[in-house]
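Just so it is clear, A, B, C and D label the chains in written order, and each chain counts residues from 1 on its own.
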């Protein structure tokens, strides 16, 4: 007896309407994003606060996204962060402009941003965690010295 | 019963009823007045001068060569906003569907973006027409409440329609309701003002043209 | 499953092995989904970690559990586990293991313990017919349960068009005399999250937005969050260029429909419907009604069920009972009115002629000897 | 005969009279016309009074505003509302007095406005109907009223030194042309404008000569000599009927088949297009203008014309004959036959400007200054053609141009088409044609 879940469901991505790409030049949207990023970068340069541009909420077709990525290029640093899914961050060819991409456990893209900062916030270890981790390390060291002793016991116990 | 359902339901029914009643009333009121018989001998046969009347009906749509110098701009202005109105009302898809739901048949329309451009143009022409009526000494002297109110009522429909498509000022449903209410107002005012000329223009030209042609006179 | 409700969110997350960075990622994704300004992501993360875990009571009345299905189907961000960590869902008769008196006492305890501070989520319309007998739980009518629960609520979030505007139970003839929550509780801050059901992310997004900011989001006149209900489907529809170019599908399977043209002529109510379907889409951004080829039926608007056929184009006259505005009806109306006008016209002409006669032969002054 | 004074009416009586006049004129057709006006003001652009003065009050449709007020308040669909709420004011005596200048001094009833109205309204006819109300209100200009009264009583618009019958016979003798008088049984009954008897005897002689040449059985009738109809000018419909009846009775009496209207514009309109309606039944004879008749004779080959010695000429189509009357081809056919080098006016044929003297305006003293301003429009146009001679086929036009010639010392004098025909009859039995004008 065929079951409900046996019915093959095949999900097709909907026909994305590709906005007419202007010959050679970047699409209108991409230029806008770049100029906004430039503005934020200039503010950061003369002492302003770091800033973020949320790419997912902007109407961008796959071709625009590729064009933006191509325009920004890639810098020296690329970080992968494993926290409830993989996130990759890399500094683009433009110093201070980071491309941040968050994916969840299933690998779906859940957020994509441009971060204008000297150092992405999420990579930073929070001050309160330092205290607890310092204590954890101290404990480890302590455990380590006893383990050293125990290690011999352990070794011997085996 | 929110505003949109009213404007499109009961409101529209009342407006159509008053419109039909008003038009029939106004036309019969003068058609049934005295008709004087002509005893003089016509110069042409009745067939010939009836055709003469039809010719006048078309011919009078364009100024004669001798007059075009003086009436050209005025008539061109009048024509263009009329054409603009017809284009917007008859070729905008939602309007076609609206009329289709009233009369049962629909026809292909123009793209909505084109209609928006036309209606903005028509809006400016409307203002130009009012400017002319107020500044032209002859028109200013002739104009009365009916001229200005009929202009206002038609203009209101155009403005509210544009506001509705531009979704500006209020939620779309309210704007659409206001637009249809202004149409209801137009339908209600129609038979009691100069808008009746829409019904009069062709028969008037035909009858007067025929009477002139009957004498072989110029028309 | 009583949670130790005095733990703040941060400690709770750590207990479940959710690191700070994962939580920042979650908040960033939520802010992006809520179309809130991106800088709010990190701010939300820090604020939430210190926030007290709000108690949430989820009461279901005359409803089909479609909204709750939607609530728990929320895909982005991975909500199911996190929401239950961020928020302490103290009562939900669908999810909770307890039932009967145990469930009721849990509810009473939750309400008493967090009096004035808990979030009351209501799902379903409130029937007042037959003294509220149409919907009772444990012998108490929906109306009484709602009134009692509302007393201690900090905010009421009405999930679904039923609780927001009465929805389908409220539709004509409304046998149970169902009412939306706002018609019964007037004195509490209230957010309507309409939709039948609402988009999952809209429910969780609104809840999170309230939990993190502690205030009501910007609401429109129908008290719906503008973040999600600020624009019409029509304004955000990817098929809008076809509407502007005048390319319309004439039937559900014609060339136009297959090419994904605008469904305006097939009764799409996108232009008069405010919701986030066209942007957030459904099933994790897979699609939404129009994208699947069916017109929007305006399920997030009040009285959407009574606005006539779902397939009558928006612009048709009457937009009311199907067949009521058929051309035949228009013709009859016009003819009857014209006849009436005709009669008045004959009267006018008669009156006109009579006055003419009086003017031609004025009584009183002797006729001049012409 | 003594002068009949225009009745001095009290304002109330004037309004009552006007309303009586308007009421008689309100009918389905005039009502439809007044309903159709959309106040676009285009008719002003056709009127030579507005063109010459740019004064908005001369807008043709404005001239019938009282008629519209009367109609809207009395017989329109919303008449009760108009009266109740005063949407349209009642016609007042002062307004009527003020409108006399618009309806008489500044309107020749030439019908040019009726050609331009985009709604097709026959404005000229509405004006003619409005004149009737002014007459009933005792506001017809004195000159027209007196002549109409006199003509209704005596058959002549004003007393003459000698009876027109004798003057006519004298012209016959002077120009040695037979002037059949009071023949009992003829095909064609003739009549002449009294203007020709007094000012242009050559035109009378020309008519007689042409008739003689064509060997027509025709006659003048001493009781129906005068072609003009001052009742038409003054707006007195009853007097217009009585004046026309004189000609009708005489034509019936001499069993005429054709009543020939001489070169006179309004006489043609009054007889050809309005007499039967006033008479109440179809006329038992045809009414032809002499130009029309000569055109037919030319086509039939009975009238043969030689080349005229006239240099270049231009032709003024009388409004009542051409634009309103429908006598279209005849004049040009005649001129072509006479090899006249015709230079058409810029506005010619059915669209020609009026000479400014028609509709009785020529006789109104107070209208003179305004008339001279408007006739300039015409004179400029005629000079622009560069033609040496101006020809026309209406004695009122002729008198207007003569009057303008005297006033402006213009270099041209109007030449009658009929006289030109009479001077160029081919193979006329009298080789020495009569004295040239």
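Everything below uses one rule, namely that a residue touches a chain if its C-beta (ideal position, glycine included) is under 8 Å from a C-beta of that chain, and two chains touch if they have at least 3 such contacts.
Worth saying up front: this structure is predicted, and the values here are computed from it rather than measured.
Undergrad: Check B-C against C-D and say which one is joined by more contacting C-beta pairs.
TA: Most contacts of the two pairs: B-C.
Undergrad: Identify the chain whose mean C-alpha position lies nearest to the mean of all protein C-alpha atoms shown.
TA: Measuring from the global C-alpha mean, the nearest chain centre belongs to B.
Undergrad: Which integer distance in Å separates the CA centroid of subunit B from that of subunit D?
TA: Chain centres of subunit B and subunit D, defined by C-alpha means, are spaced 38 Å apart.
Undergrad: How many Å are there between the centre of subunit A and the centre of subunit B, using C-alpha atoms for each centre?
TA: Subunit A and subunit B have C-alpha centres separated by 63 Å.
Undergrad: Please compute the C-alpha centroid of subunit C, do the same for subunit D, then give the distance between them in whole Å.
TA: Distance between chain centres, rounded to whole Å: 79 Å.
Undergrad: Can you tell me which residues of subunit A touch two or more of the remaining chains?
TA: In subunit A, no residue touches two or more other chains.
Undergrad: Where in subunit D do residues touch two or more other chains at once?
TA: 26, 75-78
Undergrad: Indicate the residues of subunit C shared as contacts by at least two other chains.
TA: Counting only residues that touch two or more other chains, subunit C contributes 345, 348-349, 352-353, 356.
Undergrad: According to the definition of touch, which chains form touching pairs?
TA: A-C, B-C, B-D, C-D
Undergrad: Tell me, which parts of subunit C touch subunit D in their complex?
TA: These residues of subunit C touch subunit D: 345, 348-349, 351-353, 355-357, 359-360, 362, 365, 370.
Undergrad: Spell out the residues on subunit D that touch subunit B in their complex, using ranges where they run on.
TA: The touching residues are 26-29, 31-33, 35-36, 38-42, 44-46, 50-51, 56-57, 59, 61-62, 75-78, 87, 111, 114-122, 272-277, 279-283, 286, 322-328, 346-347, 349-351.
Undergrad: What does subunit C use to touch subunit A in their complex?
TA: Touch list, subunit C to subunit A: 18-22, 24-26, 28-29, 31-32, 35, 38-39, 41-42, 75-78, 238, 241, 260, 284, 286-287, 291.
Undergrad: Provide the residue numbers of subunit B that touch subunit D in the complex, in ascending order.
TA: 25-26, 29-41, 43, 56-57, 60-61, 63-64, 66-67, 70-71, 74-75, 78, 136-145, 147, 192, 194, 196-197, 200-201, 203-209, 211-212, 215-219
Undergrad: Within their complex, state which residues of subunit A touch subunit C.
TA: These residues of subunit A touch subunit C: 11, 14-17, 51-54, 56-57, 81, 83-85, 87, 102, 104-105, 108, 110-111, 113, 121-122, 126, 129.
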